[in-house]
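Once you've had a glance at the structure underneath, I'll fire off some questions.
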Amino acid sequence: MELIFFYLIAIVAVASGFLVIRCQSPVNSALGLVNTFFCLAIFYVMLHAPFMAAIQIMVYAGAIMVLIIFVIMLLNLGTEARKRYTTGVVWSAIASLLVLFNVMYFIKRGRVTGAEGDITSYTVESVGHVELIGKALFTEYLLPFEIASILLLVAIVGAVVLAKKEV
Amino acid sequence: MITVYHYMTVAAILFAMGTYGVLTRRNAIVIFMCIELMLNSVNLTFIALSSHLQNMDGQVFVLFVMAVAAAEAGVGLALMIAFYRNRDSIDVDDINLMKL
Amino acid sequence: MENLVQIALQNVNMAAILPSLVLTCFGMGLLLINVFLPRGTTRHAVWISVIGLVVTGFFVYTGWGNPQYGFNDAVANDNYTAFFSVIFLFAAGLTILMSDDYLTREGYPVSEYYPLILFATAGAMWMASGTDMLTIFLGLEVMSIALYVLAGFFRGQLRSNEAGLKYFLLGAFSTGFLLYGIALIYGVTGSTKLTEIGIYLNAHGSLLENPMTLAGLVLLSTGFLFKIAAAPFHMWTPDVYEGAPTPVTAFMSAGPKAAAFAAFLRIMEYCFFSLKPEWTAMLWVIAVLTMVIGNVIAIQQTNLKRMLAYSSIAHAGYALVGLVAANEIGYSGILFYMLAYTFMNIGAFAVLVLAGKKGEDNLTLEGFSGFGLKRPFLGVAMTVFLFSLMGLPPTAGFAGKFYIFAGAVKAGYIWLAVIGVLNSAVSLYYYLRIMVYMYFRDAEEDYAWVSLPAAAVISIVIALIGVFYLGIIPGDVMEMAKMAIF
Amino acid sequence: MYDKLWLIPFFPLLGAIINGLLGKRFIKNEKVIGAIGTGMLFLSFLVSCKYFIQLLGDSVKSHQNVIASWMSVGKLQVDWGFLLDPLSALMIMVVTGVGTLIHLYSIGYMHGEEGFYRYFSYLNLFVFSMLMLVLGNNALVMFVGWEGVGLCSYLLIGYYFEKKSAGDAAKKAFVMNRVGDFGFLLGLFTLFWALGSHGVWTINFVEITENAHLLSGDMILGASVTTVATLCFFLGATGKSAQLPLFTWLPDAMEGPTPVSALIHAATMVTAGVYMIGRMNILFAMSPTTMFVVALVGALTAIFAATIGFAQNDIKRVLAYSTVSQLGFMFVAMGVGAFTAGIFHLMTHAFFKACLFLGSGSVIHAMHHALHHAHLDDDAQDMRNMGGLRKKMPITWATFGISCLAISGLPFFSGFFSKDEILWWAFASTRGNKVIWVIVVVAAFMTAFYMFRCLYMTFYGEQKTNPKAKDHVHESPWVITLPLVVLAGLATVGGLIGIPHAIDIAHVGNKLNAFLAPVFHHSQELYKIEAHGSASTEIILMVFSVAIALAGIGFATVMYMKDPSLPGKFTAKFPTLHRVVFNKWYVDEIYDTLFVNSTKKLGIFCWKGFDVKVVDGIVNGIAKLVGALSSVLRYTQSGLFTNYALTMVLGTVVMLAIFILN
């Protein structure tokens, strides 16, 4: 049952991904992308990471995609002139297929080993995912958290500098 | 039974699709969306692995990847707007002033 | 709840992040002060940021020989970090000093420029000091995002727009590969901490045969090789370097490149030391490819910024030789070379900054006709920097190449050293062309006597001193470089 | 003691800095600039003299003076250090001595030139580099000097940068030198690595000499390590010392001012290759193969350049080819194991060739002045515009003539002793070869011939200068003639320090041989390099070589003194010779058709065909090949985002694929 559900979501995710890369209108691409994000959020729930699912919806689908769609609207972009089927496209297709094959090969032959931790699905349910993430962020990952704040500051300053009409 | 490899396979497919999109599309915004697709496939990999390995590192990593994606979106879209103002296009084939 | 705070505080060790902390504080302070500074000039911002860099330098100095770790092993303020921090600080300082007049001349006296450089420097420092993939990744992103903005800083100029956008798209694309690599490594070892990854890989010998490890290694390398500008991930370099504002190009060619080397070297040595035969073989090919492509294409260039961009690709190739050598001399050679390269390359770019006219259309070989005779100081300075880039003694470039190739010879890579020497012979051709134009062609126009901006001259003089100091007495710095590596 | 050795290169450096920084804006006065440049070098000469004398009286013949540590790599320690031994002591004497004279000469010659300060600054910098090259106690310091002299030569050749040919010549010299430098570095790598594999990490010359025996028996690429390393070093020497096939830059280098040609392209820099072989003589001695190659290349260059010298009318080009040819002699000496003779010839050559160049400079100076005065733009360097200058410029004539006698190898002039010793070793040495001896003898004959041709065309016969300018040719001022006289004196008596044993009637002994013995004897004894033969054979050969020289002079006289309007004085001096010339018209014509013309043609063929087409062709061909590759490769840089991203992906895929396949 779960497996069928997984396949269903996976097919939807891949199909919407296909929309992203094939739709001529940027808005349709964007909508496809939003759909992919939702599918991934469902995966996150299935992987016992409900908080990540929420963040996925809020940050990605909520913030980033809105920004993108906003810019698309702002620039009033029409449909993109389709790239002719030049050798470039064929090369691209070959290249991405090669990437796929390579990575699939490595995944199929490779093994996920790794040191296992103690955060089982049971822990997640009893302690709560938000608390686990929060603890991790403010103890183990305090420095990256602070760096992330600088990162966002840089992005804000940068965006302002670039987009403001007058200095 | 769904294993971590199932998720990783889906992620790999999405990653390759994102790559394909980056290589074939001409609209810079769509290219950026394809890059987001690649980042998301990485996120899926991370969370699948994190869940499988039962530690939080992967999930925290994803959180930061999201922050980075947001920051990149802000700056990237600002760059695109600036380019659009001067060139009246955001077709990457029109980024051709400097070459050879 | 109190328990949580205690746990949080246990991990905090301010000494481990002191230099970057000071630097970001100056960056943020400058952002605030900017509001009150007069518009239309950036002079105050220059001096505040220089003070910030000097103060940071002081804290870097106090940290030497006194390694500090903290934040749950996310960061290490050891000698290695300190050495690279000095490189970043010099790169940022020289860049900032040459920027003031340039920004005014080109019509963008925007003070936000300086905090962005400071933040990029701080990002580079996190890359060098990070001992967790996450810290390194975030440092890389702080640096990159600042650089995307800086490359596209002249928002009214199409060239600058193009540079910024191209750099952004390709940079974000390479980030995807880098992250995928980190994810796969995480899957294999279950950690993102460099030491834990290394220990785990070393302890589980069978993992070395695990294709996922290798895939992770390759994808991770892609991300860093992109930042290093190694072939075949170098293609953004000439376009972006040409289009970006010249001081930004100077900064990009030295600071971020060194930062990428810092992180790459640490990752390779901490995590993948047990995979050394594999990655040295891979990098051998890439180093050769990088040197050849950089030098050969540079021959045909007439735009000086673009020529120096190709030359910077070639120099990345030389530095990679040290990574292939993978011994003490090779590694410390990289550190030394990056410092030397910072002085000589930024120096050369500083000369270009001063030589350029608004719009910089005159920065071509033709435009440099007779330059050396009409502007003697800049001419001599440029000559020295070019000699250093060529690798002639007694300049820093020679000592750097000497160490790197000596490392390669010691590791048994004689052919690599030979290819390197042959390549620097090829590189003479285009460096020499600049000199031929500077000294053996008549000036097409009269150069009026112009007084040079003091700050930019200071930056050239510092670079000159650096080039000669490292060339004539490289021993001390090399000793420090040896103490800095692991 | 020897702890002030650094003063020797320091003074010229100081001069270069003072003139370079202050010359343009603050000093301005030519006399002061010239005095600083010359004075600094003279001080350096005095210090050299002091140490030279000190070394003469010292029983220990090798002294090192380390100023500071330069680099250390593992066990390898490289210092900024100097080495004074008989070889370097002799060299510094030559460099500073001849250098001082040429500086003095330059004050007069460069009078009124734009960039006077620049000239002296470069020239001082050159001497500094040359002294670093000579005094360096390890290969890297030598390399610093090696590069430095190349750089200064480049700057000085291009001194008249307004002329395109000067810029091109400068570039050619620099690039060709770099080909040689590549060989030098490669040799250094090989040596470094080979010694390192025995646990000796060093590039110090003294230590190399001490440990060279470790290398015997080592193989690399199917040849012995010493052969490979020394061949690489020799490639370096061919670049710097203008030997086949890298010699074409030297004649072009004559675009520079004449004193520069005298100092750099005759007396000092071009001999750096010979010096380097002398410095590493032990390694060369270990490899008979390399020694043979050196001798052969030297001999071929000697004869080849001599033939070209036949066909030139530019006075400086004749001297340039003559220099190439004489350098060939030195390499023959090195190649047959006559290290002392090679260095000896280096020294005597420095005297007489510097004198010849300065003499030609004096002539050119006068000609230029006269032509300028008459508003003519005839070529001031073309010998066909000269002739009969003997009376106008007596001092120049006398010194030039003495030097011609010296270079031709007339007895008791300096060239006689050094050249004769080379010939003797080529004939009798254990590493010698009769074929090489024959080639060198023919080259010696030709040398005498074309030098006297040059002398006659310039100073004798009717003055062919444009009548308008004719009377404006005057003797040069004292700053120009004084160096000429001193050098001519040295060219006359300089050979007496190396009188060969066979004719040493007064039993003064071969002073030079004894002096240089600490440097060369070790390797000569160890590898059994000696010249063996009876004194009578030596004397017979000596007489033969004198006869050869006289024959060359005779032929030249026959062919270029045939003019009936010869000054009566000369006719009275050589009545027989003149009668022969005067009466034997047909002989002359036969010579002209059979010998001179064909040789001329050969000369022109060699020059146009080989020099210009083949050698330049190869050099340009490589440049073109790289250029073509470059123009193809740059099209990968299409400027399009898609292509860049595609390349990145493909790069990653290839790396992944390689790991799959492994």
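For reference, chains read A, B, C and D in written order, and residue numbers begin at 1 within each chain.
The working rule: a residue touches a chain if its C-beta (ideal position, glycine included) is under 8 Å from a C-beta of that chain, and two chains touch if they have at least 3 such contacts.
Computed from a predicted model, the values in this text were never measured in an experiment.
*Asks:* Give the chains in contact with both subunit C and subunit D, ordered by label.
*Replies:* A, B
*Asks:* Round to the nearest whole Å and give the separation of the Cα centres of subunit B and subunit D.
*Replies:* Here subunit B and subunit D have centroids separated by 65 Å.
*Asks:* Counting only Cα atoms for the centres, state how far subunit B is from subunit C in Å.
*Replies:* About 26 Å separates the centre of subunit B from that of subunit C.
*Asks:* Just curious, how far off is subunit B from subunit A if you go by their C-alpha centres, in Å?
*Replies:* Centre-to-centre distance between subunit A and subunit B: 7 Å.
*Asks:* At what distance in angstrom does the C-alpha mean of subunit D lie from that of subunit A?
*Replies:* Roughly 71 Å separates the two chain centres.
*Asks:* Which parts of subunit A, given as residue numbers and ranges, touch two or more other chains?
*Replies:* 88, 91-92, 95-96, 99, 102-103, 105-107, 112, 114-117, 140-141, 144, 148, 151, 154-155, 158-159, 162-163
*Asks:* Provide the list of subunit C residues touching at least two other chains, using ranges where the numbers run on.
*Replies:* Residue numbers touching two or more other chains: 134, 138, 141, 145, 148-149, 152, 155, 164, 166, 169, 173, 180, 184, 186-187, 190-191, 211, 214-215, 238-239.
*Asks:* Taking each residue of subunit D in turn, which ones touch at least two of the other chains?
*Replies:* Answer for subunit D, listing residues that touch two or more other chains: 634, 637, 639, 641-643, 645-646, 649-650, 652, 656, 660.
*Asks:* Counting only chain pairs that touch, give me the topology of the graph as line, ring, star, complete or other.
*Replies:* Contact map by chain: complete.
*Asks:* Which stretch or stretches of subunit B touch subunit C in the complex?
*Replies:* Residue list for subunit B touching subunit C: 4, 8, 15, 18-19, 22, 28, 31-32, 35, 38-39, 41-42, 45-46, 49, 53, 55, 57-58, 60-61, 64-65, 68, 71-72, 75-76, 78-80, 82-83, 85-87, 92, 95, 97-99.
*Asks:* Which part of subunit C faces subunit B closely enough to touch in the complex?
*Replies:* Result: residues 133-134, 137-138, 141, 145, 148-149, 152, 155-159, 161-166, 168-169, 172-173, 175-176, 179-180, 182-184, 186-187, 190-192, 238-239, 242-243, 306 of subunit C touch subunit B.
*Asks:* Subunit D touches which residues of subunit B in the complex?
*Replies:* Listed in rising order, the residues of subunit B that touch subunit D are 19, 22-24, 26, 31, 92-93, 95-100.
*Asks:* With touch defined as at the start, can you tell me which subunit D residues reach subunit B in the complex?
*Replies:* 634-635, 637-642, 645-646, 649
*Asks:* Which subunit C residues qualify as touching subunit D in the complex?
*Replies:* 166, 169-170, 173-174, 177, 211, 214-215, 218-219, 221-222, 226, 231-233, 235-236, 238-239, 278, 282, 293, 296-301, 328-329, 376, 387, 392-394, 399, 402-403, 405-407, 409-410, 414, 417-418, 421-422, 425-426, 428-429, 432, 436, 439-442, 472-475, 478
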